[in-house]
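Listed below are the structures to be examined.
Shared between the two complexes below is subunit A, which has subunit B as its partner in the first and subunit C in the second.
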Partner chain A sequence: MAKKGLQTTDKDIINLAKIVGEKEILFKKADLLAYDCDGFTIHKHLPKAVVFPNSTKEVAEVVKYCDLNQLPFLARGAGTGLSGGAIPLNGEVIISLVKMKRLLSVDLENRRAVVEPGFVNLKLTNSIADKGYYYAPDPSSQYACTIGGNVAENAGGAHCLKYGVTTNHILGLEVVLPSGEIIDISTNGVLDLPGYDLLGLLTGSEGTLGIVTKITVRILKNPEAKQTVLAYFDKVEDGSQAVSDIISSGIVPAALEMMDKTAIEGVEAAAFPVGHPKDIEALLLIEVDGISVGITEQIKQILEVCKKRNVREVKVAQSEEERGRWWANRKTGFGAMGAISPDYLVQDGVIPRSRLPEVLARINKISEESGLRIANIFHAGDGNLHPLVLFDARKSGEIEKALAAGSECLRVCADVGGTITGEHGVGIEKREEMRFVFTEREIAAQTDIRDVFNPKNLLNAGKLFPSPGRCVEVKKEMKNARETFV
Partner chain B sequence: MITSDLLNDLQIIVSDERVVKGQNGDDFLGNSGRIVVKPESEEEITKILQYANAHNRKISIAAGGTKRGFGGITEAEDIELSLENFKGIMEHTVGDMTLTVKSGTPFKELQAYLAQYNQKISLDPFYPERATIGGIIAANDSGPKRLGYGSARDAVIGLRIAYPNGSVIRTGGKVVKNVAGYDMNKLFIGSMGTIGVITEVTLKLRPLPQYESVILLAFPDGHHEWMKSFAVELLDSMMEPVALELLSPTLSENLTGCRYYTVAISFEDVEASVHYQEEFVKKLSSSFANISILEKEKACQFWEHFYNIDHKESEKNETKATLKIAVINLDVIRVIKECEYLSDIHNLKIEGHGGFGHGLCHVHLSGAVEDVKTAITQLRKLATELNGYAVLKYLPLKLRQEINVWGEEPSYFSLLKGIKEKIDPKKILNPGRFVGGI
Partner chain C sequence: MSLRENELKGEPPCHTNSLSNYLWSDPPDEHKWADCVHCGLCLEACPTYEQTGQEQHSPRGRVHLIKSVAEGKLVVDDDFADPVFVCLDCRACTTACPADVDVGGLIEEARGQVRQAMPLKGWKGMTSKFLLEGLFPHQSRLHSLGSLLAFYQKSGLQKVVRKTGLINMMPKHLVEMEAIMPAIGIPVQKKYKEQKVIKAKGETKREVAMLTGCIMDIMFSDINQSTINVLTKNGNDVSIPKNQTCCGALHVHAGDREMGRKLAKQNIEAFKDAEKVITNAAGCGCMLKEYPELFREEPEWHEKAEEFAQKVEDISKYLYDTGYEKPKVELNTRITYHDACHLAHGQGVREQPRDLLINIPGVEMVHMPNADRCCGSAGVYNITNPEMAGAVLESKMKNVPEDVEMISMGNPGCMLQMAVGVEKYGRNQKIVHTVQLLDWAYQKEENERGNNGEKGFAND
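On to the complex of A and B.
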């Protein structure tokens, strides 16, 4: 008897268990605690239940049940999202896709692979590396994050400068709509299907338009050669100018990353130090790839640019091992802040590249005014900043200060013609900041589209868009936030 | 007369000389208007839309006219909103490599302007002299270099859209990476002008390549397995062709003078890299194909010729049609082969090409009307068998009223219809121009 085995009288739990199986559902408070937030830990809320479907059909049945019974629901992958997109604000039924993690097919000749949403990003590259292929989008969490989650957030990564973000690599999707209907949009990978570009719309919709159950991605051949340069600057301005100079010289680097002094202090104190000098103001990590004879010339040009901009020291990685160490140091940069600060808050603004020196100066000023240190570690080549606001949640008022400083940074990005998020998504975190970049009319145009897909708004409600009742909500959330960090 | 009322009303919105009666006899392709109005500002565009929306007037959007034969079953709507006077560069931030332009700007003008700064828009649409950036994006046009550079959805970073009710929204922004809110740019790319008038386009730019060449590999024996294995080997190598396009013998004759199946391979990089890749191709193909290499200007000229194929007006008794056929990458060989077969049995001139790396083919047909219709049916049948589709990018109005330009509706058509109804409830914009009569 389902009822006896499950030890609950909640009819929804019993019915959901009938769909996915009794072992594939969590509903006890102790079990649900792990699902009360994702990588954004300032807001927490318990879900009603977590179900682990094993197939598209099961996802569709769960969704149909929720739709019929007016139960709010949302999809979750590895829970690495940084903006709170998978937090069950409304006590949702969480549809965890981690058990749908198969690599369904690889077609090297036609350069595509089909995966289930719970398949981990890095596993795809690892599965095809021996044939000389890879999957380009490489968010820093790629060892853990799932491709389903990447689609929801339109995830980026360090190498998106040359190769584009997730949306540029999605060829097809199978989607369960909020009604439970299953649709297939070009999962065989045929391009430009007649009709509005639903693939483009769904990618980056932060789980508010549908639940992706199968993903066809483009895979790429490894470049013939790769070279990585590390450059140390005594002045942030020189480093920023070097970024602009490299981009405008006609080189399209595969990656162009920057870290400032505070960030360097953090990464050097953490698990993957590489011996960066402690007294430099900025470093650039630059990678070019492509045909070997071509990149030799590019490296020459990059070194010249750095010298022109008063670089203190510049070096080219001499081995794959050295390159790997530089990248590990960079990719674990966010977590590394834990080594120099009890807590930190990551922001994700984007600016026109040429405004970099000015914006970094303004972020510096925000840091001074708030009394909080802000580390900058970011994708300089595409203007995607990640100010990391360092704070101590145990000190009264610091969470509020950190949140305010983070928001100020986004305000600066918006002011110079940029945007509030380049790859982390809006989620819960940046709902209000949407107003920095969009008018009411423009936000309404987007919710109009949501209403076409998700008319009852049962799927992941309360995300992405600012809500009118914000003032009351802020106080409540702040209270919760304090509890979270204590 | 309704038309004269309309004329008077519109003349209040824009100056008299920019509101004229539509040409009679321009009915061969349709998609025109009883009144043609040529706004010069976004404000004028929104006022025209507001007026049309309030009075239930239907609008057909046009500019360079290169897509007049693409979709739609109406000879003339009430108003032809012509954006040919709405042109110019709004903002070019050289250091950021971004460009914002008015939608009616012809593509070639933009590229010529950007070349002064060693930059370019990484799109290679057809008929670049007449096609405007707005039209290219609304119709999602792309050419062989999509393999290397992607399509409009990869190049557009922001749009301004005038909605049918006259309000204006911005989508995306002016930065190259942006996930704030839904990716609304995508909604309008390829929307065929059915949910809004694109007024401004912001694009990310690329540096102009320092050097380029086109390798033409002609296969005298027409041995398809050789062509295929060549393509597979090249794609599996670490070379970086920006185009890898198979040309049918008829098209090849037109472009190169040689009536053989030909593979056109484009390399764009620093000179040393281009030559290195040429050598690689020579080694890979030497035993079974004739090779010729067009360097620099000659490569440019080749593509210029290519982008302008088959745009002459039809001769009497000759019907022309252009299909866009999408299949899974390497299946382009079967589509192009079928073109040659059909041209033989139906006495048609068929010029076709398709990209091994992206699976998109373009097929130009000309001949007697019945033969053209038969070939369309057969090519569409083949596309379906290959799990792809065929769309008619160009077809005279009369035939569009007979043949479904877009093919069958997708299973999720209700979503497409829902989007249209949400944005354009009165169906005033390009009515019936898109799939399923949207």
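On to the complex of A and C.
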């Protein structure tokens, strides 16, 4: 652990160490290797260094240094992102924000809290739970992911059906621009400020416009009552139809989640099994919340809908402990795939709910043709699909096949009038697929905006938009692989 | 440049084949890391990630590096050894992991490779050799050390050393440890030397064998005595097989898997005839259960180890499962419970010791937040990595409720470390083993029964 002085002659490392301190910089290969990817593991690249600033000022100084010396750089939180947004494709200096993890203030009266970007999502809810409040966006990685990362990706979660995604909960940001200048774009709670909606622009910009160093978020009062239903279906069509029926009956559930047979196999083989039957085609996890009056009625309606759609078994959680187990099983679903496959690629398409059965059938076909299993875990209520393409990177050609199959899934989503990402971001993974949903001109309009903030493109270059050059080989292989099965 | 050349020059994302830089037998098991999909849900569970915020000191990062060596991207050197040895081996990541990745197993296998590639040299090597090879596996030497320590305490020498400042010649963390050294009693191995079986009080319901442990029987022989007391009280005949030895956990944690195997074989043989092997030290119990891991390359011993592992049970789980007599007298005290890592994360034993404790009348249990967070003891980690161990202990102590009189737990390493914490942060809790509290309750019951009897007699 103990470093005896900096063992390097690299002047950039020495200078960056002067800003953050000698203990707060990594540059040895073994240490850097741990930063060569995030939750998206298909592309890997070593960073030049990793720095751990402790304040906005230090972030700004690091950024200024990089800008002045033409060093590419990017920000990283917990590295749980699923589209590769924090992968140092160009050998970036990684600015890790995990040391900036303080909860700066909680203002219950005005229902907001101020956090630093490295503050872990779930910790916010945990710190205010005893007072009856919570932070709504709940990505499945909320045990580990940081709110800074959530802002970058405009993260969603199981409960965004009713409560909206991260952007609906951000009230203010302090941002270090790629030039090193610090700006504050807080609204102080005013809903419609004059001028452009910079908060909206920055949230979900995937770390390409600036580095967020302070975040004001909205916090909510805990709902008075909450009920959770688990329903097992023998046919995917019945499950999908039940989803449509519930929404069209006028109920807005807090969450409406679905898992298919392969996904159930995964979560049941992993660390948090619930005991779901292995032979069902689909399960729904439905949660309603709000004021106590009316909840029972909603649950009754939901049970009726499920029965009408030939549910095999449907039950209401009898305790908080049971509800907790159902959610743990669902929320660890991605990681659980490790129990049935060495690698997975998760896709993040969005489709109109009514097209669910058709899309699932087409994804099934992609799975058959590619020879790769595809598990489906998704936020069915808002049509946000997560096909998980299971593969083994050790087998030659499987990565390319998986990428191609994933891309095909997104093409299907775009075809039926949906889009290519609901909450995971574009990152590296879906750059090419941006073309499924945007014209060249529409993409150019966006890169023009990026260039205003990030004119030298030193900050997180090569992400979010299609660009020629890098990864040509993989793309070619992908194309070949696709041609063999499409 | 052709596409093919490009492919050769670029780093393929993941191809293991024969590129591995693990050059010795018993390397980290590919199947273990194949379960890891790099999701990162383990990060917040890891005490060293909490302290450093650095990915290479996280479970996911360590698994990634261990895999990288097998892929030929990294070699086994100091830079690799650092993250692998900074791990506390607390297994909290195993609990957090959705895919049940055996991070602990990978770490230990990697340590085995590191120690073979770079044997410890200098004073570190000598200390390690002296403790791990020269002392822990030898009962008689341990007993002599015990007598020596008892002499140190009782002769007044301890006072002299402390008063004269002679003690300050030792590094700070060792001074802290000396300060909390428990009073040394007679090892149960010695005490029951002549007895083949310690008979149950009353009718014999079951027969068990007991692992006395190396450090446990020297530093905490009173806990071993309590364990025997609660076992016999609940109808168990207890035997203490003579040829048993140190469980080898400290050796395996330190990367000396060869010595680990040697000790494992000796224990497997020593407990050959036992139906149940009872431990009261979480670290030992976990190691015994993991003996099969050591014999991946020796099928015959692997089978024996599997069979042996099935017989091993922590005392609290054993009492809970077989049913125990609930004490009838009150021990009026407020306590809290600390989950030893190798009990909670390592063996999944969480409810059973709590059940034992709350069933003692008059014991009020106060919840400790993050009770299953490592205390930093981690075998001899607090001696080898004092800085990190100190930081981990500090955050543990913040979670100990103010208004309790005792902290109960099921592992001797934790007991020493938590005692250091209590001393260092000016707290006043007594550190106790779960079975001690149960034993005290039984004893109080017997004493009162005795007194009542006398009273009754007098009143007649």
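Everything that follows uses one rule, which is that the second predicted complex is superposed on the first by the 461 of 486 C-alpha atoms of A that agree within 3 Å, B and C clash if a C-alpha of one lies under 4 Å from a C-alpha of the other, contacts with A are read in each partner's own complex, and residues count from 1 in each chain.
Here is the rule we go by: a residue touches a chain if its C-beta (ideal position, glycine included) is under 8 Å from a C-beta of that chain, and two chains touch if they have at least 3 such contacts.
As the structure is a prediction and not an experimental result, all values here were calculated from the model.
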Residues of subunit A touched by subunit B versus by subunit C: which partner has the larger set? B
First (subunit B), second (subunit C), both or neither: which does A:Gln446 touch? first
Taking the superposition on A as described, I'd like to know which of subunit B and subunit C A:Pro223 touches: first, second, both or neither. first
Of the partners subunit B and subunit C, which touch A:Ile215 in the superposed model: first, second, both, neither? neither
In the superposed arrangement, which partner chain does A:Met434 touch: subunit B (first), subunit C (second), both, or neither? first
Which partner does A:Gly200 reach: the first (subunit B), the second (subunit C), both, or neither? first
Touching A:Ala78, do we find subunit B (first), subunit C (second), both, or neither? second
Residue ranges of subunit B in contact with subunit A within the complex: 93-98, 118, 140, 150-151, 153-154, 163, 167, 169-171, 173-187, 189-191, 195, 206-208, 210, 232, 235-240, 269-270, 272-273, 276-277, 324, 326-330, 357-360, 387-389, 391, 406-407, 410-413, 415-416, 418-419, 422-423, 434-436
What residues of subunit C sit close enough to touch subunit A in their complex? 3, 6-7, 10-11, 13-16, 34-44, 53-56, 58, 61, 64-65, 68, 73-74, 77, 79-80, 82-83, 86, 95-101, 385, 387-388
Considering the complex alone, what residue numbers of subunit A touch subunit B? 108-111, 132, 153-154, 156, 160, 164-165, 167-168, 177, 181, 183-185, 188-201, 203-205, 209, 221-224, 244, 247-252, 290-294, 297-298, 350-354, 379, 382-384, 417-426, 430, 434, 437-439, 441-443, 445-446, 448-453, 464-465
Applying the document's contact rule, which stretches of subunit A touch subunit C when the two form their complex? 1-2, 26, 28-31, 33-35, 37-39, 41-44, 50, 52, 78-80, 96, 98-99, 101, 118, 120, 141, 143-145, 270-272, 332-339, 342-344, 393-394, 396, 399, 473, 476
